[in-house]
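Should a chain be cited, it is by its letter among A, B, C and D, assigned in written order, with residues numbered from 1 in that chain.
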């Protein structure tokens, strides 16, 4: 897909970015349409508060359990696959089975964490998309996707007003 | 450093990645030379047979397993330390974590090769992997070597991802600065990172979970390495203290390696403004604690053996006290305790140079410790008739030297690929602590409408 | 036959030629038509006789089909043939009783040795240069025959001489025929482990000129004076079997074994009581024991009979040998002597054995007589649990007794014996005689030397013509062992396998030569091949003794072949027929070398693995650790710890051992089992030339021995040399066991 | 009931003659490693005769003790092998499957008796010494651990023979090479599950001890301690 139609401003500092964000908010742009991009996490600013909640820890725990169960059965089945002569002792060696189970539990947790991360952040995504190199030079990008042509001018003004050094319009009709 | 703007930071930290100095090329060439020599030595061993090593009856494990334990131990530098510091949210960690995690990944990869290098028939190493084979036989779960396989496996995967995840934003930075093929490569590596709040939040959560997961994994890894020995009824091996003893030793050598690496990076990559005395100071204190802890473990182990006075164990004990291996033993005590403790305990010695020096001796001492755990016991088993001795050959020495050079080489190459200090984390560290919401006054609003 | 073979071979050669180019060199070799049909993988056991030492153990050879590279009619090729795979004792054989010592089992490697002489050789370069040319058997035998027939026509007394190993059975008959026909002589090649002293003494004491058989199995108390009877002395396998039985074979009864010697031998290691005795004082010690027995009236003085009468002062109850009197001389406490005497006298049957160093002193003959007297006093001669002499053996007492190598050498060198042709068979005199005997010089004076050696040893190097003997497993064998069993034993064995190389059995060659020379010699040796000779001997034996099982001589012969020989119980002879001989006074052992200048007794001993050195060429023997020292692939010098400390010698130091007759170097082994004034060294290493495995390895203690002889016999007194030591450097000694010795701090602190 | 093969070694009979050592080499195709390798203590003797000196001259005592794989019931070498190369057979032997061995040498380290020997190089037999090889026993390649098998090839041959003849194995019918060669009959081999067998009888006799019993490896080789001489009083 081509870059989406969007208007955005590039702000030099988090403070100005914050203003721009609030301005759009006040202009009644629905938060879901507002986009923010920065080269560092500005946890303490309102504009980066969005999308905070995530069930990732629980998913990871679930993955751990899955891995553990897998580990246990791997250990168990491999021992039953070649039943050695244990001289009356149980065929399944408890401690080693425990160790394998443990290691695979942790592995499961780790892997699910990564997968969840990639899935929830829609990474990897190499397709061309809304982005501006200025971001990685310290600018903070605040903008709106698919603004109604009515709002367009106002958004532009508000972004400028908030202190955007540059306002750009990408993709779509212009 | 506070004087630096985010932009400068990015520039500084990326600078090492651009351009090659003659010195750098020379160093790489030398290291690569040694590594190649080691590879040849290994090839020769595979071709001629393990007999070209110094191994013999009854000392069936020597340099190779020493190196194995040493490198696995070293790998505890990074992931464990950085994970602990992350959880503790120690702000001074920010410049340290990545060089630490890099050590982990490389040391672990190097260490993991030794169980294969030391095999009598290395071309069959894959028989250790649990897969449904044409031989209708799965590996023996009872063997500590299998536990090693699983533990190292898990540890390697987690620490590699632990290293890679926080790199993604930095890859994005590089992508936007580089051009040509580099842009393409880093574009790919950055997975199309844009830096939306969602991405930042997920990344941080993921890192948090990883940090929690990786600590017990690291502990388990070195416990299991210690069980390779403790599970065998060999004098002075068959001991319950081994697991914590090894883990402590691992962290000990890990921190030492980290300090050493940082000191070198600081010098050669001119990171004086980022790796500050305070970092060495703090890590130095940590090293001091570990040194004392290490000595405590050695003392406890020796005391129990001496007091127990078992006929089987005493020959091993005495050979390390004033027998064949006494020289090495006391050298080890020097390197791990007598030298580092004063340096690290006295504040005015706890300089960058001082800590680096202490770390250097510790690294040597810890290698010796592993050697002294393995060889004296094997050469003094229960039946005095079959006592033996052990001398390494050029093959083992070359391969061992090769791995040290490989470590340095990988590090140097890596320094050209990735900024060795996490740029975004450093920047994030600049502005005030999180969760203190700011109120931004908006004059323009006042006069609206 | 020739033609058919040829056709087959060429046909197969053609076929394999078609298969060629597969890269496998085997495909370049032609395949011979198998002469025997064997089932692959199925083992057959064939009887044979062990020739690794003179004990004459019967053994079984495990033969299985295999594929060997062999030369047939000068053509190299592959042959499917029966190959010997393992040697074990022959359970039916009275001597080995199903067992075999390490040396015997290594006999396999004689046959398969890579450095065997594979075909006849004639000397090309100067003598000793080692340059030989391969020749065919016909030429080789022609050469020997012509040399001999020219000699035969002129026939000067002593023109022909043999140097051989111990000879028995038909081999002896053949050599005797040669020596009588040529008025020649022969000498024993082995100066070491030569039992002539024991034979002479037993002859004098009991009228049996034989080593005698010790019935350990039924003995209750064993006194051994220096005899390494569990290692190399006499008939070790039989004695080991007996020893085991003495120890634990009889419920509720365990015999005691006391060993008297200056150094704990492998045998001494198994003793219940080891008593250190001064070298050469064994006879005195024996008489001291006898003194106590007599004085305490535990045995009647007279029971010693003639054996006792040979000892001066026996009739008076040996007044000069009271324990107190001899304690100093023997180095044994008086009370120890008395206690042992009482124990021995009160535990019938008790037996005394003497051998090795005790008989290799200048007074060895006296020592032997003394022990014989003690035996007689203890009433153990010819009794179960005592020392036995088979009656049939006297038949084997030689007509022309072998001369000692020393005598031979001196006569040749002085020209007293104008030896023109020397035949060396089963012997390596250069190695096994002291340099001082000048054997080398003597051989140089002999115009023509022919050797039957299988390996290029020091003596074979000097030969003008080498007619390589087939290995024992490839040859017909027979033997009449003089001891090891109370039974009369006559062993026979067909070849266990076909020859690998172009070799021939020496007796066959000699018979062939005899035929070519003709005359009285041909008449005396009417047989075409050696097996005919053996068969003849068995026919004679059948005539003489008859048989319960076999109905005629042929069946007797075939049965004998199948079971490895023929044996029968003999009424074991008691002391008889012995008479004459004047009472002998105790003579102190003489030692060559001034005690002040040469402070140590030098005690060479037969190696458990190399015997007298003739087995040093076998890799199994080289790599097997010596039982006491655990040394492999080398030699060593045993020094008492305190002595070593005094001389500041560490284990592994290279020590120079010098006697008045030469010096050698050997690594020091600090051995707790050797007396402070004695240094001991094993025989076997130190070969200048003896295949890739033995050449140039270690040193040969025999070379520095003094040319002393045992009074009353011509035997070498090999324990009569004194030496001095000096550390000259370090050397690598390979120990299999205890590679950290008691000297290490690890043990100090235990 | 399956056989449990065991051995008894009577140290009162053993004379340290080394016949067992050579017999083992001949039976089991154990290669000689040569002087250089022997110096590096890589000689392979599946059975060795250990020698211990005690005391000072002249009051010296020497003790011989043949040591071979003790075929432990609780063998430390077995669980540590990652590829089941060393494992427990149904007849109680510590089996060693050469083809499975990848040469970790863990088993050899775990073995307290040091009776496992490693092939540091490929074995060589200077031609024609190779003709002495026993076709019933496989030759081990470089990088493989090897050890005493109680001459399993002889055990199997004996069992097959007995089965073919439709009869029970007789006690003492099967003899490993070392036992066969032992002249003083210090070694006895047999079935420990058969209470009547000589080996069972001796293994339960008064002088019976196990080597390093305190390690709890439960060896199937029993040593009968050297006995003392008790004469009778009137001495």
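Heads up, the rule we're going with is that a contact is a pair of C-beta atoms (placed from the backbone, for glycine too) under 8 Å apart; a residue touches a chain by one contact, two chains touch by 3 or more.
Keep in mind that what you see is a predicted model, and the values were worked out from it rather than measured.
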item: Centre-most chain, if every chain is reduced to its averaged C-alpha atoms; value: D
item: Pair with more cross-chain C-beta pairs in contact, given A-D and A-B; value: A-B
item: Separation of mean Cα positions, subunit C and subunit A [Å, integer]; value: 91
item: For subunit A paired with subunit D, centre-to-centre distance based on mean C-alpha positions, whole Å; value: 65
item: Centre distance in Å when subunit B and subunit C are each reduced to the mean of their C-alpha atoms; value: 66
item: Approximate Å spacing (C-alpha centroids) for the pair subunit A, subunit B; value: 30
item: Where subunit B touches two or more other chains at once, by residue number; value: 137, 139-140, 142, 146, 384-386, 388
item: Multi-chain contact residues (two or more partners), subunit C; value: 737-739
item: Per-residue multi-chain contacts in subunit A, two or more chains; value: 82, 84, 93
item: Touch list for subunit C against partner subunit D, complex; value: 41, 64, 66, 68-69, 83-89, 98-102, 105-106, 108-109, 112-114, 230-231, 236-237, 240-241, 243-245, 247-249, 254-256, 264, 266-270, 272-276, 339, 342-343, 346-347, 500, 608-609, 619-625, 627-628, 630, 632-634, 640-642, 672-676, 692, 697, 732, 734, 736-739, 742
item: Residue numbers on subunit A that touch subunit B, as the complex places them; value: 14-15, 18-19, 22-23, 35-52, 54, 56-57, 60, 71, 74-75, 77-79, 81-82, 84, 93, 96-97, 99-100, 102-104, 106-107, 109-111, 113-114, 116-118, 120-121, 123-127, 129-131, 133, 135-138, 161-162
item: In the complex, subunit D residues that touch subunit A; value: 73-74, 78-79, 84, 87-90
item: Subunit A residues within the subunit D interface of the complex; value: 82, 84-87, 93
item: Contact set on subunit B toward subunit D in their complex; value: 48-51, 54-58, 60-61, 115, 118-122, 124-125, 127-128, 135, 137, 139-140, 142-146, 149, 228, 231-234, 378, 381-386, 388
